[in-house]
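Across the two complexes that follow, chain A remains constant while its partner is chain B and subsequently chain C.
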Partner chain A sequence: MGRYILKRLLQFIPTVIGSIFLLHYLVVLGIQINGNPARAMFGERTPTPAQLQALAEVFNTSDPCLEQTGNPCLGLFWERVSNLVQGELGVNFQRIPITELISHALPVTLRLAFLAFVLQVVIGLSTGVIAGLRGEGVVDYLVKVSTVLFISVPVFVLGRLVQVYLGVEFGGVFRDSSWAPDWLTALFGVRYTPDHPWASLILPAVVLAALGLATTARLTRTSLMENLRADYVRTAIAKGLPRRRVIGVHALRNSLIPVITDLGYQIGVLMSGAVVTETIFNIPGIGGLVINGVRQQDASVIIPVVTFLVLVYLVINLLVDLLYAVLDPRIRYE
Partner chain B sequence: MTVETEAKKGAVAFDPNAPLLEVEDLQVEFRTRDGVAKAVNGVTFSLSEGETLAILGESGSGKSVTAQAIMGIIDSPPGFVTGGQVRYRGVDLLTLPEEQRRRIRGAKIAMIFQDALSALNPVFTVGFQLGEMYRIHRGTSRAEAKRRAIELLELVKIPAARQRVNEYPHQFSGGMRQRVMIAMALALDPDVLIADEPTTALDVTVQAQIMGLLAELQRERNMGLILITHDMGVVADVADRISVMYAGRVVERAPVHDIYASPAHPYTKALLESIPRVDHKGKRLNVIKGLPPALTNIPPGCPFAPRCAVVQQRCHEERPPLYEVNSERGSACHYWEEVIAR
Partner chain C sequence: MRGSHKTLRLTAGIAAVTLFATACGGDDGSSGSEEQGDTMVVQIGDPQHLLPSNTNESEGAAVLQAVYSTLITYDPETNEPVNLIAESIESEDQTTWTITLKEGWTFHNGEPVNAESFVRSWNYAAYGPNAQLNAHFFDRIQGYEEVAPPDPDGEEGPQQAPEPTAETLSGLRVIDELTFEVTLSAPFASFPIMLGYTAFAPMAEECLADVEACERHPIGNGPFMFAEDSEWIPETQARLELVRFEDYGGEPAKLDRLIFQVYDDIVTAYEDFEAGLVDVVRNVDPSLIEQARQDYPDTFINVPIATMGYLAFPTYDPRYADPRLRHAISMAINRQEIIDAIWNGTYEPATSVASSLVAGHREDACGELCEYNPDEARRLLDEIGGFEGTMELWYNAGAGHDQWMEALGNQIREELGIEFELHGELQFAQFLDRREALEMTGPFRSGWIMDYPSLENFLRPLFGTGASTNDTGYSNPEVDALIDMGDQAATLEESIQYYQQAEDIILQDMPMIPLWNYAEALVYSPEFENVIYNPVEQNLDWAQITVA
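Now for the complex of A and B:
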């Protein structure tokens, strides 16, 4: 077990370096094609070459390789990697330390992802179990339809719809009223309000959770139905166990193995979904950070933040694989 | 007096002097998309203490469904018991409410399944699954249940029971797993044990060990044993009586020695001729030609008529009842007298 974990951790290194290189190369190509972002800082004014050079030094975009389209700028790449390894994340174009940006944005994203995850687990699991136990019926039908619906409607479309109908139209009722408490107004708000760090994240969390929720419900349903037909369930009944126990302990314990594993991987999906959701609802989280970085071609933001997301994803995947071995005794890692 | 009745309220009044198990005119059907499959059509038999009844028949003849109906574990829907009685100590189990039925399952009447690997839950230890019998039926503590589980493993002769109790089913060999199943079935000292092809999934040497163990435990505990199989060879060694099933019916019932000496139904005769025998080495085996009837559409006459070697016109028109051959034997063939004489 220890050796397996160590092996997996070592495998992180090439994956992380590989993704840093990919990010680096995309940013470099962007600069080579679109021109130096330092120039954009001057707006309409034409900078003197000296001014431009000075700013480019600060932005770390002065390397001459950035003028040669297609050049991977390996020197710059190793500089970045060694800085990251030493934990020196640097500053963004506005000279705010990246660590500070992350420490402000991360709690917001974590709250959003947590809310979405809770929704996904509670609603996804319970509807899945009900659909699985009842077989064909209303709940089952709803689960099937919603899965197809949420898989085929992109997050940003769903997000906009929710924002317009629940946020603008329905939420307007509360904003215009004298009786509605603040949190209710915040709950059906159009955007994130720092005064209500939880309530104003609920709608975005619903949007973020929608796809995963439907998938979880469907997977739970299928898995439970399959396990209810299993031989060991028949044995459990033949042992004279009460139905509650047959389903709740024997069938469910097995049915949840694929569901829990999938939920783990879905955390990764939630992180990337958060980028889109945060943009729609104007939430100052990690996603907002990445999008702003991309807009400004600010490599000093994009690379550390996305690398951080990659690491989170890798660690979660490892944890899920370990959890899988705990849940299913037939799996043992060598 | 009143106190006693209060205490027994909700408990079923079994008559200790009534016969152990009587199945009478049992009918089971499966209502599926393809129609109604009549899997069991009026099965009757009885079982007493210490006795082994073998139920024999081709695949699909309704042996497992009969067993499931006795246990009350038929998959419903699509399966429904549509008639008959299953009397345990004089009480018709089919009329009992589910909760009382559940208490009998595993405690008074227990069952062993064919494939022990899939019949045991893969994610719980063997000790947990054995201990559950005591914890749920008797309210025993976890620690005590585990101690009992170890005793059970020792009872079925699993070596190093103290360690193995913490292992998972996949860590056991096929024979050892079937021993675990037997241990589980015997946990609460049932009066009736139903073994549905307990050795089919095992290789031949292990088969003999498992059958030996079953027979030994049955003798010790004076249990009634219903042994379901389609292997006539196994039956000869352990069974006292045999019921042969065909298309959901008992077509012949007899003490084991009689049936081998002189079968009274052409189907039984054909089954016997299909066993490979040492003294017939070199000769071709007689397999029964044709297929059993579709259970959704059983023909009006004798269901075996289309495959029967001695079929007459009457067989296609009139369904034979289970004729009494003598007080211990019956045959559902119009011409049993001719069959038995040959």
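Now for the complex of A and C:
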């Protein structure tokens, strides 16, 4: 087990360097093809060359290789990697240290992702199990219909609906009342407020979790139904084992393998894919950071933040693989 | 149940790690929510910068106008300059200006606002290596070439721009505590008008000693100051809390607190406004304009802003060299139809090259040439023997220009039978580069955001021979001479007459077709009174606002 983990950790290194290079090359190509972001800052007004040069140096886009389309700018790449290794993330276009930007955005995104993940696991798994056990029952139909609904309604529509009806309309009842405590008004607020870092994230988390929750429920349902018809379950029942044990240990445990794979992948999505939810609810998280970085072609933001997300994906994938062994003793990593 | 327990423990472990990480970084819930006194909450987008010499966009400017005061301000009724910090701004020859300050102005940290503070700030802004986005405002002051030298062989040439030979502008001289002298490199009668722009605001010594800290927590001299624990951190949807500055040199603010809440999304801001959590939405989303107008008829303001949209021509391309072709296209465009279809009728069709906000703007400057008249357009096109080939229409990508450019192309095709091809593939920087290199192969989108409310600001930079934003290759010595005469005129009135003559010639030549004057929609809560919109500053006068 230990050797396996070590091997996997060592594999991280080329993966991370490879993804940094890809990111670097995409940004470099973007600047080579689309023009220097320093120029766009001046708008219609033509800057003097001295002004342009000075701003390009601030933006770290003054390297002459950025004018040769296709040149991978290896010198710049090396500089970036060695800075990253030394933990020097540099500053963005507004000269704000990247570490500071991340330290503000990350806790918020982690809270949001955590809440959404809990919702997804608790509601997704339990409805999935109930639906799977009572195939073709009321709960099953309910799960099927609601999951199709959640999957087909785009996040930005669901987000706005929740914001208008639960935030503006329903929340207004609490804001206008004298009895409602602060946290309740924050819970049904229109946007995230730092004064209530958890309560005001619950509605956004529901919106964010909706899609993944539907997938989790369906996956659990199907997987469980399939396993309930498997030979080993029939054997277990024939042996006279109590129903709870047959379902809880034999069937469910095996059914969870595809679900865990999906949930692991979902954590990454929750962290990076929350851009729309974050925008709608005015949440200052990682998603907004990346999008603004991409808009401004600010490599100093894009590369460290996305690299961090790559690391999150890698670690979660490793955890998922280790969980397989826990769920199914037949899987061994030696 | 052995396995399940393990699973549970592991999940709990992940949860604990997540919680721990959260606890480490997150103490951002400390700003006090108990709001004392009269408070107004205002929506803004995330500013780029909060330093007068480096703020060249509307969101930062909104905050700076509350935090900084300038030498002059503009009357919201007449748009004329009115002295604020300045006691007087005088010149005999329009070249050497003597500026005298009023007594008793201080910065928020107690430093005096004196002649030295202005000279210090302007020198900082103009100095090339400081890379300030508003440096160009100072290019008329003597010595600008020494602090920000031009590249000897142009941008593309192999030589680098030389190092500056001076650190300060030779045209700035402190005379005494409250007087300083500004020498321009050429006469310019409209110079005082420029001075109300935030780029010319004074910056405290403490501010320039640590510019980055001063952007986080600005130290200004305006009616509002940053609350002690308030800090701007970009990209955090910050809440900027400003309190009234009790020692303000002008008429003190009426509100106790002014809060700027940053929103990434203006639709969310409007939802917050409906929920009563925000009092002013400065920029109502186009999709909500009709709703806002109906729901808040008394507090909805549709304001023309000092930004003009043009269709520019590569006059260096022989196919577009004849002004009659450009007139024909101008008359084939139904401006109002596009405005109604795309901007809910909020923009104003252009009748001049300049925005309606500047002194000297005339409603009939362009006359028939800017009016929809397809018959005359076709006649003109026939007169010059038609147009060969396909017309390429260029604009920059991803900035919302696709729709109206296509509408424009369709109108040209319908009225004049000219086939068109849309080219929206260039990003802004590359689009600008190609314009500047005079390599455009068809009419292209152009725009101009006014710097200071003078007609001159819409003429020289855009139409002067070889001027900084003259991307059409247009050159007319008569126009250059008239603008120069306007600059040198003894009075503002006289200079406006020369500028108007120059504008008449420009419209006859029409290197750019004026399309429309942009507008924005603002809505505020009926709980407030004395909400006055200043069209030149493009902001509410924060200090005047009171609670009803």
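One rule holds for everything that comes next: the second predicted complex is superposed on the first by the 312 of 334 C-alpha atoms of A that agree within 3 Å, B and C clash if a C-alpha of one lies under 4 Å from a C-alpha of the other, contacts with A are read in each partner's own complex, and residues count from 1 in each chain.
Basically, a residue touches a chain if its C-beta (ideal position, glycine included) is under 8 Å from a C-beta of that chain, and two chains touch if they have at least 3 such contacts.
Predicted model only: the values in this text are computed from it and were never measured.
Superposition of the two structures on chain A leaves chain B and chain C fitting side by side, clash-free. Of the two partner chains placed by the overlay, neither chain B nor chain C lies in contact with A:132. Contacts of A:235 after superposition on the shared chain: chain B is touched, whereas chain C is not.
Of the two partner chains placed by superposition, only chain C is touched by A:281; chain B is not.
By the touch criterion defined above, A:254 lies against chain B but remains apart from chain C after alignment on the C-alpha atoms of chain A.
Within the superposed three-chain model, A:330 lies in touch with chain B and out of touch with chain C [touch as defined at top]. If you count the residues of chain A touched by chain B and by chain C, you find the higher number for C. Looking at the shared chain after the overlay, A:33 reaches chain C, while chain B stays out of its contact range. Taking Cα centres throughout, chain A sits at the apex of an angle toward chain B and chain C that amounts to 160 degrees, reported as a multiple of 10. By the document's definition of touching, of the two partners only chain C reaches A:197; chain B does not.
No C-alpha atom of chain B lies closer than 8 Å to any C-alpha atom of chain C in the overlay. The contact surfaces that chain B and chain C form on chain A in the two complexes overlap at residues 253, 327.
Put simply, chain C touches chain A in their complex at residues 1, 3-4, 6-7, 10-11, 14-15, 18-19, 21-22, 24-26, 28-29, 31, 33, 48-49, 56, 128-131, 133, 135-136, 148-151, 154-155, 160-161, 164, 212, 215, 233-237, 239, 263-265, 267-268, 271-272, 274-277, 426-433, 436, 446-449, 461, 468-469. Of all the residues in chain B, the ones that touch chain A in their complex are 71, 73, 102-107, 110-111, 113, 115, 118-124, 132-133, 136-137, 168, 170, 184.
Residues 230-232, 234-242, 245, 250, 253-254, 257, 327-330 of chain A touch chain B in their complex.
Contacts from chain A toward chain C in the complex involve residues 33-55, 57-58, 92, 94-96, 100-101, 103-108, 110-111, 113-114, 118, 121, 160, 163-164, 167-168, 171-172, 175, 182, 189-192, 194-197, 248-249, 253, 256, 278-284, 288-289, 292, 319, 323, 326-327.
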